[in-house]
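Here is the structure we will look at.
We call the chains A, B, C, D and E, going by the order they appear; numbering starts again at 1 in every chain.
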Amino acid sequence: MTLAALAEIAPVSDADDHHARLTGVTRVFGKPGTAKCVHALGPIDLDLRRGEFFSVVGPSGCGKSTLLDVLAGLSKPTEGTAEFEGRPIDGVPAGVGVVFQEDASFPWLSVTDNVAFGLRRAGVDAAEIARRVDYAVGFMGLKQFAGAYPAQLSGGMRQRVCIARTLVMQPRLILLDEPFGALDQQTRLLMGDELLRLWRETSATVLLITHALDEAAMLSDRVGVMSARPGVFIDILETGWEVDRDSRIVSHPRFGDLTGHLWEKLRTESLKHLRDG
Amino acid sequence: AVVPAAPALADEISVTQWGTSMYGAPYAVAMSEGLFKKAGVDITSIIGSGGGGTTVRNLLASETPYGDVAIAAALAAQRQGLDVIIVNTGTRSTAEASLVTMPDSPIKSLKDLEGKKVAITSPKGVSEMLLLMALKQEGVDASKVERVASGGYVNGLTMLEQGAVAAAALIEPLSIIRAAKYRTVVNYGKLLPPMTTSVGITTRAFAKKNPEKLKAIIAGRAAGVEALYADPAKAAEIVGKAFKLEPAIAKVAVDNMLGPRMWSVGEFNQAELDRTIDGLRLIGEVTGPVDWSKLLDPAFLPASIQGKK
Amino acid sequence: MKNVLGPAAVLGVLLLAWEALHLAVANTGLPSPVTTLVRLVGLLGEAEFWDQAAETARAFAVAVVLSTIGGIALGILLGMNRTAGVVSEPILVNLYSLPKVTLYPVVLLIFGLGISARIAFGIMHGMIPLTLFTMNAILQMKPVYRRSAAVMGLTPWQTSLTVVLPAILPEVITGARLGVSLCLLGVLIGEMFASRNGLGYMVMHAMERGDMPTVLAVALLLAVVALVVNAMLLMLDRAWRH
Amino acid sequence: MTREGRIRLLVVAAAVGALELACRIDWIPASVMIPPSAMATSLWDILVSGTHWKDILVSLRSVATAAVLAVVLGFLVGAVIHALPLVRSAVEPLLASYYAVPTFMFYPVFIILFGVGPSAIIAIAVLLAVVAMISATLTGLDRIPRVLGKTALIMRLGPIERAFKISLPAAMPYLFTGVKLAVAYAFIGVIASEFILSGAGMGYAIAYAYNNFNNREMYGLMLLIVLLVTVVNTALDAVDRRLQARLRR
Amino acid sequence: MTLAALAEIAPVSDADDHHARLTGVTRVFGKPGTAKCVHALGPIDLDLRRGEFFSVVGPSGCGKSTLLDVLAGLSKPTEGTAEFEGRPIDGVPAGVGVVFQEDASFPWLSVTDNVAFGLRRAGVDAAEIARRVDYAVGFMGLKQFAGAYPAQLSGGMRQRVCIARTLVMQPRLILLDEPFGALDQQTRLLMGDELLRLWRETSATVLLITHALDEAAMLSDRVGVMSARPGVFIDILETGWEVDRDSRIVSHPRFGDLTGHLWEKLRTESLKHLRDG
């Protein structure tokens, strides 16, 4: 398989198939024209296909988190439109779950209470809460820490708590903002395995933001490569993996091709960022 | 508007050094014997304070703005434009104040203090005034006696014990409690002629609005003074209880005041007033002339003593 | 248990040092620990003492309640708006480090000599640290908590109650600990300077009479009470910070 | 000046203006408070006439002495406690509760130990201030990154060189926070003791003016203290901020 | 090229060639027999060849830093012997430079003063100091930040300051303990390029500890793979790269093979660590 074949740009999928869609989205911070005005993102056109695993890679500060905020309804696009399941995004849409880059577990709650938090606020009945929390805690391998508090857990464990907390809400679209950024590479690859398992079991659409090329290459159906700020997609790559994959594919020859290709695209963009100190 | 909040209890009057000094003895007696009630006013309790201006501030803030305060404080209040008048005399002797030294000290008289340090409580306070008056009386050059402000009588005694000063001002009942530890150099009551030390004051507005109540208070106090002199033993018992003093000490304290007739029934004595003013001039508290006519108002004294001057 | 033993040992050493000091400066009126304790026991048997203690306790309690409510409310108000917070912080810090006792005459002039002056003075001492801690806790709360709440679809009210409040609570407790201590200090200073009752007045009165055992007995008692109250808050603090 | 700085200035100016107005229209009676402008002229008179220079100098000298003593003692005690973990675990809970102890009540003891006068007051102030410095020293020594210690070893620094060239500068931002607090507490300790207990100094002068109904002089002196504290605080804060900026990583 | 060929275990090099050597080194923390006793490392046998670039990868907590401490003379082995340039290591040997995982720049000194710190102490004359500092600062791309303080720099920049500070001392053996652990992957790959350049210019021996498999695969002549605690080498891999390589080799097919092989070796070891929370 040649690089040219890999780099084929994904065609815009037809309307029925798309789950979330950004059209001409830009985001500018501060008053336009003033010195503090930052053009952070866009214009971005993006179609997330229902059920796909889509990753976004890009240099630091290129607007990845901003993109996620727009999809999560946490931030309004300056221009363009964002829609989820056919409806324009206005406020946080039901059915969207988010895992943030920073550790967002609540230190004052035990693991179980953390995971149950959202369900309790939503007024789900107790038996159902118990069932779902049990499942999520078990799924994320947190059984033996169910009563522990976040301070007693490692960073990786805490991110699992946050993932479980999102998972119990049964989102149809899961947005993850560099959820494993603080972990070392080996742990990250293993967490990637669990993410894949979760994706397969829930059949949700997943958008993963990451700075790790190997993570993107290994986990995704498609990888979007962003330019330095203002971030636009300079490439969208189909990986062509089976649904039934795991971290062992890093020894697959195509994996090397993929990361190599991604790195080629990103090297100059990253250098731009690095030069600014 | 920000209005000075008044204590809720009615008919509370203020007495300086209540509980520490003998100024308040007549009030204790009058309250305990129901003499205020007899005079037509119900004094329920006394607002005490450290003395000086605080007492005046307190009485200004209270519903029944009458108080027994040091004359210096009354003058200061008037000088600063507060609308106070003096309506009776409280005490007229300095018998409770003295100057002491260590028993083995070479200081025998005020003369010996030349070139030495003496502890007073605070600059421009009563203890300094009395010392200067006594030095003047004995012909000792005050500039040769260094006065050290200690902040309080006990502090002065500590300095004395540590040898930091040659003599220290002292006051009853502390001097009685610690009588054994020090030797008295001079008892001001014996050295200095009588002078007005505390006065009853009120605001002009209150005097105008409640002359009867004011008269009753003064009359009640006067009755207390008379009862005190009539039965000192009983008075000592009452004062001891009110001031939480041991009975024996209270007895000595009251007895010491009988000779110099410390408590005035209330009448004004110009000579005694002037003496105090002379003393206050020595410490710089009074500089200009004093216009007594604006300050004094004998109209509320009991009829029996009004004429006496 | 172990974390009581250490401080107890330190207190023991301090008592010994006190005794040594007493012996070293013999006859100057510094009472020995034993004398002081005897006096303290005596005091505890006097109705008069309890009256004064109740007076102090009342002023202290009211001051603590008011400064806690006021401090937290003001802290939240200032913390909700970044500009308000940044603007007011140095002012508050400056007020905190001001020798507030010099302002006591103003308090007396406004409130008179009653309990309200002492309460006001206690509040002046106790409220600022709480305001500062609460404000900073809100300003420095991890933004991701608020974002998480938004993503979970919480209403602003739910967010304040179930996320913001627990998130800032440890800081608030730390502030309260300092605030409570300073409240007590404020009330006592007020009583010492101008008052006719309360333990501060009692100490001042005893000082004037040179009654050192009483001074030290009351001071010791207050110190112990303050330490115990503080230790309890400290434990609450620790318990909350899992 | 930052936007916040300007707003702050405006807020303070508005507060002072409001006070001035409230006093001028007699909403606050003159017996309670005099207008800020009158406070300022009173302060000016006090400074020019020189009536209180002695008190001012006495207080400032006491504050300075107390602050220096507290900083030096606090640092030394802190360093020693830091080196003895057992002592530390015993002392630390007490340090945390320390401010609840009404230090002023031990004044008579200090008079016995140090005699009447500035020394006893300085002792109270030191007692109040030293704990802040001890705590800051402990924190500072704790927060020296371990990796800097390793770096010192790699560069083969001796113990003295290491203390002065690595430990001290690394702990400095924390130590300075202690210095800042120590100065503030020294101020509070000295002025408050003078106010309640003594016969000299600015604190005493204020109490005296209060007792003699001299509101004008009282407010002049109060203004002086507020200004002094603000100036000292602002200066220390500027240094503190600069040192703290180093730690922002 | 097959994996088998890659995985050839390096033979013990002959005595003349070795630069540093560990023989049967173990490190145990705490009193043996007590509950607190931790067997952190070993037994380890390692020969560092003069001038080679050797990387160590291993799961979290397996004893990598402990190994480095032994080589740096910061920690005495419990058993076994450590020698550098033929002499037993006792205290920090001259000629060894260390860059730590944590940021060790001195925040109270400017970049220039940080870099000059060691030289000034060693009493090198001023002109020589200026020359060397200038060179190192320039080499690490810090010229425009020479007067800046660490707080004004990004994490990556600060690590460069530490590298420059080590560099000016002209060490013959450079030990690096996850120096780029805190950086994102793209920045790390770029920093790797500079490390390679430095290694070529100084011809020093380099031992790099890392948790990033791609970093190890791309930078090293040899990669040592450690087991979970107590860490022992379970594999030592020759990469066979040219001396004149840079980060673009990530698109080389052998790169994928190398990382794949490393991941295979490490996956089970990492899982062991992850399970302990």
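Please note the rule applied: contacts are C-beta pairs under 8 Å (C-beta built on N, C-alpha and C of every residue); 3 or more make two chains touch, one makes a residue touch a chain.
These are the chains along with the protein names UniProt gives them: A, E = Nitrate/sulfonate/bicarbonate ABC transporter ATP-binding protein; C, D = Nitrate ABC transporter permease.
All of these numbers come straight from a predicted model, not from anything done at the bench.
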Review point. Tell me, which chains sit next to both subunit C and subunit E?
Key: A, D
Practice item. State which chains count as neighbours of subunit D and simultaneously of subunit E. Key: none
Check your understanding: Which interface, named by its two chains, has the most contact pairs?
Key -> C-D
Exercise for review: Express in whole angstrom the distance between the two chain centres, defined as the mean CA positions of subunit B and subunit C.
Suggested key: 37
Review point. How big is the gap, in whole Å, between where the Cα atoms of subunit B centre and where those of subunit D centre?
Key: 39
Review point. Per the centroid of Cα atoms for each chain, what is the distance between subunit A and subunit C, given in Å?
Key: 48
Point to revise | Distance from the mean Cα position of subunit D to that of subunit A, given in whole angstrom | key: 51
Review point. What are the residue numbers in subunit E that touch two or more other chains?
Key: none
**Study point:** Interface hub residues of subunit B, defined as touching at least two other chains
**Key:** 2, 4, 54, 57, 152, 154, 158, 162
Point to revise | Where subunit C touches two or more other chains, by residue | key: 28-29, 108-110, 204, 207
Check your understanding: So which chains end up touching which?
Key -> A-C, A-E, B-C, B-D, C-D, D-E
**Study point:** subunit E residues touching subunit A - in the complex, by the definition given at the top
**Key:** 59-60, 145, 153-154, 156-157, 181, 184-187, 189-190, 211-214, 247-248, 250-253, 255-257, 259-261, 263-264, 266-267, 270-271, 273-275, 277
Exercise for review: Going by the contact rule at the top, pick out the subunit D residues touching subunit E in the complex.
Suggested key: 145-148, 150-151, 153-157, 161, 166, 169-170, 172, 245-249
Exercise for review: Over in the complex, which subunit C residues touch subunit D? Could you list them?
Suggested key: 3, 5-7, 9-11, 21, 25, 28-30, 83, 86-88, 90-91, 93-94, 96-106, 108-110, 177-178, 180-182, 184-185, 188-189, 192-193, 200, 203-204, 207, 212, 215-216, 218-219, 222-223, 226-227, 229-231, 234
Check your understanding: Where on subunit C does subunit A make contact in their complex?
Key -> 142, 144-145, 147-148, 150-154, 158, 162-163, 166-167, 169, 240-242
**Study point:** Touch list for subunit E against partner subunit D, complex
**Key:** 72, 74, 91-92, 96-98, 100-104, 106-108, 117-118, 121, 149-151, 155, 158
